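Each of the two complexes below includes chain A, the first together with chain B, the second together with chain C.
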Partner chain A sequence: MEAAKEQKSVYLREFEAMPATGETWLDDLRRRAMADFERQGFPHRRIEAWKNANLASLAQQHFPPAAPGADIDGYLRKLTESVPDALRMVFVDGHFSARHSDLTDLPEGLRMVSLAEAFEAGDVTTDAHFGRHADTGEHPFAALSTAFARDGALIELAPGTIVERPVVLHYFTSEGGAGMASYPRLLVHAGTGSEVRLVEHHAGVADEPYLTCPVSEIVVDDNAGVRLQHLQESGNGAWHLGVVHVELGRDARFGMHAFSGGARFGRTDVYVNLNGSGAQASLNGLYMVSSGQFADYHTWVRHRTDHGSSEQYFKGVLDGKAESVFDGLIHVAKGAQQTDSQQQNRNLLLSPRATAHSNPRLEIYADDVKCGHGSTVGELDADALFYLRSRGLGEREARRLLIFAFANETLDSMTAPELRDHVEARLANWLDDDRAGGSG
Partner chain B sequence: MSASTKTIEELTRKGYEFGFVTDIEQESLPPGLNEDTVRFISAKKEEPEWLLEWRLEAFRNWLEMPLPNWAHVKYPPIDFQAISYFAAPKDQPKSLDEVDPKLLETYEKLGIPMHEREMLAGVQQRQVAVDAVFDSVSVGTTYKDKLAEKGIIFCSMSEAVREHPELVRKYLGTVVPKGDNFFAGLNSAVFSDGSFVYIPRGVRCPMELSTYFRMNAGHTGQFERTLIIAEEGAHVSYLEGCTAPMRDENQLHAAVVELVALDDAEIKYSTVQNWYPGDENGKGGIFNFVTKRGLCAGKRSKISWTQVETGSAITWKYPSCVLKGDDSVGEFYSVAVSRGHQQADTGTKMIHMGKNTRSTIIAKGISAGHGEQTYRGLVRVLPTANNARNYSQCDSMLIGDQCGAHTFPYIDAQHPGAQIEHEATTSRISEDQLFYCKQRGIGEEEAVSLIVNGFCRDVFKKLPMEFAVEAQKLLEVTLEDSVG
Partner chain C sequence: MAMLEIRNLHVSVGGEEILKGIDLAVDAGEVHAIMGPNGSGKSTLAKVLAGHDGYEVTQGEVLYEGEDLLELEPEERARKGVFLGFQYPVEIPGVANTYFLKAAVNAIRKHRGEGEIDAMEFLKHIREKMKLVKMDDALLKRPVNEGVSGGEKKRNEVFQMAVLEPKFAILDETDSGLDIDALRTVAEGVNVMRTPERGFLLITHYQRLLNYIQPDRVHVLLDGRVVKSGDKTLAEELEKSGYALFEDNAA
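On to the complex of A and B.
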């Protein structure tokens, strides 16, 4: 506790040492966010939303803000190959790298700039939306991010703009970012009737501790659609504490597929507010967790008005001494009639030392709604295994096939099918690390 | 607004028929809580020194504990110094024949048989042994002698402390430790009376055992403590009922129930909770903050909780099973109704420790008027619980658009051999269902009752027969006028 207190003041001291931007609204916003973080501190297990998370060792360490990073060309090549024809922005250690980015042939109605640039220019969209949605009062790392964020991506779609090419955002922590913290941001404003497909990709240097608190704010106006492919492949020493916050207007659509296989501690909170009548949200995901890893998805789906629909489907595969959390909220406000909301969570435990927490939460204040959820935790089906073995497959191969099938199902809903090969390859690699061996 | 919504609303506004007060001379402690209160209660009950020490330790520990705030309920802060911790009828009866006729009348009025009726020729009336608790004391227990023939002990907790201290000392606080939670801590310090049941090895209890709790005095809290022990191979079915007068104040009921089942033993614990729920504006009513937990200590033991919760302004209870013995079984069947301004946060915990342990959870929540209904559950499978199985189902029904239904079923699995399944749905009585019934000549109210009873059927069929009928009637009364 003492250490955490001390730590708070380290972040505060750093905050105070940073130069003001000169933009009054931005400086005020940051100061408020910093105060929010100071008030909350590092969350501990007695806070309901953090009760399964052990952040004691994060609170003991200190990660100063990272400077613009080192060379990452080697890493990047592989990734760009998987989505070759894309509009691309690359951030290294939280800072925009124009050299790695590709913003040629921007279609009409689409604006993509770095937030640092937008702040500099006194941009109105940032003023209206930046830091206005992610709840710094509730989420300590959203607060930390808003206080420290200096850069990120601003993507703006004029009404009616339909962008065919995927928009890819790489957030990379380089060797120079080891032991440091980055606070990359994404702000998307999709105007009425516009459509876009996004890939938000987080990766980083292996075997080094670092902290990253990415916060994405996505505002989808009436009848617009945004699809987001979220990939959390942070380095295996990373603390990844992110937020995706979505506001949906009337008949607006948001589809997300999340995949996580990285970070020693990875948590993403997905907030979706269905503010307009007839809004739709779909959240899907897969987490693969091995020994020493902790993966956590918290979803907060809030139906604020009538005729909204939402679905959530998350699957987890756990091996070794791994731990995972799925904590999903469906909140149906008073008067949000004709809401249709479903949630599923399935966990596959491959090892006796793995722990899966599944915490579905339904809060319903309207009577004419259809809401349901289900969750399961279990091991591989012995009958299915027997069946495959009776067909001549070895135990190892049979287990591998069943695990692959279990995980692969969620990949059908990937919002960036171009990346399916990439994710499948990761899955196959993961399985090759003798997880199919039936260690017991 | 359709006709059906109107009936539904009317149905939920029905009065409370057990709200009368028995005018009887009572002695009670003045409000306030300190070590002297604890000493007074202990002295009043002529308790041995160790129990007083136990209470005091619990009290000192409780002073340090924070009030829990995680439950999905809202209530004004409770002033623990404004409650009287002991109230009892002045004349303490020595035997059933000496019980004040007014008290007997009270129980007669509540429909609780306090006479050991002989079986009438030709009429097979089932016998139920009753322990009647009136405020802080037990006023009588029926069929004690008949049960004693089989070696069964069924008496009030105070009597058990006097007559069977070794059993009480061995088991008290072993399932719900005195520092378990805020209200269990308070109960451990000031518990008054409750039932004590001991079923010896291999005995199948020949009749249902039942305790009836009645709160009568104003400004009091009821803090009963119940302990049921089933030795190897024993079997018992226990029922519990409760009512209280209508008052404008909120009264606190903080009970602790502990069950211990040894090898091959089975305990079936059924509750029909009908404390005063407060008036239509949410004024008054009982705060029912209860800790109930059963320990399946032995192999192949079984504990089954069945509850019908229709009363109380606020209910906060999670009858739980700790499945420690290999092959032990835990069950939880619940129907909870919240109407008017009632709030219920209820559910269960199933802690799987032993191998091949199984648990089943069926929870049905009905919310009407301004009621708030929460199912909160935890299924935990520890690394030792190989081959554990759990099936949970919790369904909510909403009647009216001002109520809320919430579900928080947590799962923590630490063993790959575990199979845990959970399903939940939220729905309302659909226009189609009502239309179908009406078209077949069934009146609106009757149709709603039919649908609601069908919704609760899985749970009602687990209740002992008399209780099932009572529960069904209670539900009808509770929802009467709420459908329209």
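On to the complex of A and C.
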């Protein structure tokens, strides 16, 4: 460990070989982030926030940055059909692909450009916000991302702008991206009183190892609202280590629904800072974990001032030798009176070999607050199963129905209801893959 | 031959014998009542007949329409027309009553070699049965047994029975905890379904039910044994003197 630290990591050597931009703020930011990564390295199990993560084989491999220009035409049709009439930006292996994207008829007050373009143009919003929020000092993959990211989406809403059409961001890892790393970024700045609904969709080539570290920074000004549908459907060989970081102003609202079914190792850290009075955050999600997969949601909800409310409701379904983590922080600062914060995590184990870690963390320093949490890990209810069978349903059908009902409940809070069919179909296929077990 | 024939049935849970040799035969068209105090084994008998795998049959057999019932999976029994109304109906969060009933109806139809029920036909069928048990439409969209009173759950059991039209129904204390209106509804549900082809086993704690449903036979179950059988006057006798009378017989 110490010996390894004396040498430069292969990522640092790679970083140093990349050309500087000449934009001082950006070059400095990247250098600091790289230093943050170099100091932390790949996290090991002795670090509390990573105690359940086995990253040994990630650390042993090397994933160089993926090049632009790969083709994904075959896959794209499915992507676009899933959310019709959307404003759409497509990223292939982390790079913006204009020809796959659809930015026609942008409503007034909405700006959507690629970050590469914004960096090039010396854009002031990126200067003010890019890499300023995601914590590179604490999260090694946020650090790696800030150091290496060269592209992504910049979405800016002028004050008062209401965007009716959904804004969809597809991040796709192509066959050319196999064995490579991508660092797609999203920067959203929603001006006062503006509103937008986003879909962040991650997918990629099957059966191939790759690394993706998507980092989204979402700044929601006073009384603005951002809703995010997050879909982690990375390829089943992927290391997916992402961050969603949200800053909320006074009366600002953030609603997120996350679904994950992909990646060999999939972790998303969701940071929400409620900085202004009356800010509201709602984080919901469902993770569906197959044998050999590891799924992890870490939430960091920090109430920094009064009258904020937050709710978190995550459910997991695990099969075979699957492993999951839900680790949820509710932090209520000393002055954050009248906070209402709730958290629930429920896990359904379909196999005795599956493991679900559920770890609520409550740090409450204000006295006049309403905070609650609950967490469960259990199997299918044997009484319910018998009840259904006693009415004629086969064992397999009964199990399937109970699993589906358990998972489906979380889809009521999807922020992109037009994707509900897509997620339900994924769930149904997953159950068809003989996971419901039983006979008949 | 009787529709349901229980011969020398012994059942254990965790090594402890709970049913200690039950003999009982119910013919098609008959209603038999089983009465017994707390813990006498009534629900154990009901669950064994429905195929619950938590009970071990150590001796004896059960024939249903001449077939070995104990060999069948719970769903096979249901598809062949056996119905259990649960003493404690189970809540199934996230599964709407209509969806559940349709799945059950179709499972039974499939077993009979029939196709899936037509949506309109299904709706008409369940509306008719809802009227019978005086339930309102709102129930259909609600999750099975969730957030309703004990009485509503019992009524829902009778509703399910009416919808599924079993050949042999076992009702485990479907009358317990009901006020008189609900009890009348439950009784009417049973009486309407009483036909020469159908058999009933009514498990009850209270003689009151038998004022509304006239049984053909009454059996007294005590400590895992049928200690006395008779006609409906036995229930009245029991109401007056209590189980103590039979405890002497059993000893």
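Here is the rule we go by: the second predicted complex is superposed on the first by the 428 of 440 C-alpha atoms of A that agree within 3 Å, B and C clash if a C-alpha of one lies under 4 Å from a C-alpha of the other, contacts with A are read in each partner's own complex, and residues count from 1 in each chain.
Please note the rule applied: a contact is a pair of C-beta atoms (placed from the backbone, for glycine too) under 8 Å apart; a residue touches a chain by one contact, two chains touch by 3 or more.
This is a predicted model, so every value here is computed, not measured.
Visitor: For the three-chain arrangement built by superposition, which of chain B and chain C touches the greater number of chain A residues?
Guide: B
Visitor: Could you look at A:12 and tell me whether it touches chain B, chain C, both or neither (first, second, both, neither)?
Guide: neither
Visitor: Of the partners chain B and chain C, which touch A:162 in the superposed model: first, second, both, neither?
Guide: After superposing on A, A:162 lies clear of both chain B and chain C.
Visitor: Regarding the shared-chain residue A:391, is it in contact with chain B (first), chain C (second), both, or neither?
Guide: second
Visitor: Once the shared chain is lined up, is A:401 touching chain B (first), chain C (second), both, or neither of them?
Guide: It touches chain C, and chain B stays clear.
Visitor: Looking at A:116 after the superposition, I want to know if it touches chain B, chain C, both of them or none. Which is it: first, second, both, neither?
Guide: neither
Visitor: Report, in rising order, the residues of chain A that make contact with chain B in one complex and with chain C in the other.
Guide: Shared contact residues on chain A: none.
Visitor: Hey, which residues of chain A end up touching chain C in the complex?
Guide: 381, 383-384, 386-395, 397-398, 401-402, 404-406, 408-409, 439-440
Visitor: In the complex, go through chain A and note every residue touching chain B.
Guide: Touching chain B: residues 48, 334-335, 337, 347, 349-379 of chain A.
Visitor: Going by the contact rule set out above, which residues of chain B touch chain A in the complex?
Guide: Listed in rising order, the residues are 70, 72, 381, 383, 396, 398-428.
Visitor: Give the list of chain C residues in touch with chain A in this complex.
Guide: Residue positions touching the partner: 50-53, 73-75, 77-79, 83-84, 86, 89-95, 100, 103-104, 107-108, 111, 143, 160, 164.
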